[in-house]
Amino acid sequence: MTPLAQLLEAALFSAARPLTAEELATLDQDAALADVRVALDQIREHYDFEQHGVELVEMAGGYQILTRAVHAAAIERAQFSVRTPKLTAAALETLAVIAYRQPVGRAEIEEIRGVSAGGVLRSLQERGLIEVVGRSEALGRPLLYGTAAMFLELLGLRDLADLPRAEELTIALQPHRAVTEGEDDAAAYVEAES
Amino acid sequence: MTPLAQLLEAALFSAARPLTAEELATLDQDAALADVRVALDQIREHYDFEQHGVELVEMAGGYQILTRAVHAAAIERAQFSVRTPKLTAAALETLAVIAYRQPVGRAEIEEIRGVSAGGVLRSLQERGLIEVVGRSEALGRPLLYGTAAMFLELLGLRDLADLPRAEELTIALQPHRAVTEGEDDAAAYVEAES
Amino acid sequence: MTLPEAPTTALGAGPGFVVHLDAYSGPLDLLLHLLREERIEIAEIPIARIAHQFLQAIHELGLNQAADYLDMASRLVRLKVQMLLPRRSEDDGWEDPRAELVRRLLEYQQIREIAVWMGRTAERRAEQHARGYLPAPPELPPPPLTLEALDLLQAVDRVVAGIPTPVLHRVVARPLDVEGATRRIEELLGQREQFGWLEALGPRPTIVDVLSTLLALLELAKRGAIRLAQPSPFSPMVIARDTARPAA
């Protein structure tokens, strides 16, 4: 390959989007647009002639290197174009709160984690890791969440009692609300501790 | 290129992460691991011989197609691609401790570096460079950290054995906590840096 | 790469430091720098002088990460004192108090060297780009999700660590003791014709005592057992036996 073709190949390979001939021309001050087109033709012909697994495709006014369609089935079957999805930190933390505090409402989850939980709850539900297990008696009768069967399956646990450090962490995750006794009494007063 | 090499090229191209020879072998039921290695050599030689803008790199236990370093400046100048953000000195030092002492707990990391490590550990974890590999038996059962696959990708190493060995350092790596006497001898190794 | 390269500005050269604390990745880094400036071997560390320079440096450099630096400063000062303790020259059993610090500095210097190597290697690797443009993947069943108990536990630790230290409030029921206040007032009425409101409260009254007493007084006045009077605006209330009617 000519030096210009090499440079264009590297640029097309690493760019996050298809590149136009005009954009590619900015790579090398000495290269005219015509030179760029010649080099692109050279790359295309090389890929075809040498029977590469990839091809140069012109699309939507730009150029991109794509794998040939003939290999698509095999690659899709192997499924390594995507990494095994892992839960995000936010999802894991929300899941942890639910696992150790269930049944638990959104408000309590948000109180413990200090951030809103709407989106995370939805995605955990979509993944089948948590489910709605009831409604609270509190005002507005909010939904209560618990872990679903898939959760135990993924962790390889028989039941929730198998969760590590269950007792310790259930206590640790209690929201720090005021402990109230006899709060209905008008004369009750609040005493700040520590 | 042979049909197998074509298929491997297409797979490596679409995965955009290192694929192991074993993973690549799953693409074609008729291909033995040895065939895969032969085809990989063929791809590498073809890229080199035909002077492509990309090359086949062996890294993190697998293979990946990357642009040649010589084109980096032009690609970055044209803003088609950006470099991964650099790690701070604190992050690099923490990574160094973890790489050489793994599995290692936070307390030991902090002891060696002389600074608290919470924030750095968290950000290294978020970048997928380190991961929790277990829990210590010590009091409080602290988490133990090790390097993750992404660490090798960051440095472009094939495996941890590619890290410099003790003899290659100007300061000989000493077995942990071994130096109590003979500091004068130890100091003989010390060459003023810079 | 922001490597822990030796900052070029002179430290310990009197006032006029130009370096920032961010130039050092920790107190050990700063110590190494001071030693390098003075071209001193780590094992020969002159504690007194270095302790002085270290204190001066962290004073000049500001308070970023100060806890770690102050911790080192106090160690140095302690070492300085230990070094000053008299010892006999023929004392073979003498252990150099600097040994631990020297060991840590050597160990840290190794780590620094590895970190520098890693920084350079990562820099070289960053010059090679991976494929950028990835067309939307075809519709495929998502690969199986992975979840590890360890990840979950770690998440719990993060959550627990993120919970702010709570201000605990204990709410205690303190019902009003109107009966007790009434008894106390009647006792006083039995002894005297008239007395001040503050006396009726008893010693060291709580807010509950105040409320209880007020309610008791109002109740007694309503029953006609007492008369309440205020001699002048804002002066304490005066409580007197209502002689027109016998106390109930």
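Assorted remarks:
All chains are identified by letter, namely A, B and C, in their written order; residue positions are counted from 1 within each chain.
The rule we apply is simple: contacts are C-beta pairs under 8 Å (C-beta built on N, C-alpha and C of every residue); 3 or more make two chains touch, one makes a residue touch a chain.
Being a predicted model, the structure only gives us computed values, none of them experimental.
Chain contacts here are complete: no pair of chains fails to touch.
Chain centres were defined as the mean of their Cα atoms; on that basis the chain farthest from chain B turns out to be C.
Taking each chain's centre as the mean of its C-alpha atoms, chain B lies 38 Å from chain C.
One simple way to say how far apart two chains are is to compare their mean CA positions; for chain A and chain B this gives 23 Å. Shared contact sites, meaning residues of chain A that touch two or more other chains, fall at 10, 13-16, 65, 81, 89. Chain contacts: chain C has residues 129-132, 134, 151, 153-154 touching two or more partner chains.
Taken together, the chain B residues at the contact with chain A in this complex read 1, 5-11, 13-17, 19, 23, 26-28, 46, 50-54, 65, 67-68, 71, 74-75, 77-78, 80-81, 126. Residue ranges on chain A touching chain C, taken from their complex, read 10, 13-18, 64-66, 72, 76, 79, 81-82, 84-87, 89, 92-93, 95-97, 99-100, 112-114, 127, 129, 151, 154-155, 157, 163-165, 169, 172-173, 176, 178-183, 185, 187-194.
Against chain A, in their complex, chain C makes its touches with residues 129-135, 137-138, 140, 142-149, 151-156, 158-160, 162-164, 166-176, 207-208, 211. The touching residues of chain C, counted against chain B in their complex, run 1-6, 25-29, 36, 39, 41-44, 65, 67-68, 72, 96, 98-99, 102-104, 106-119, 121-132, 134, 150-151, 153-154, 157.
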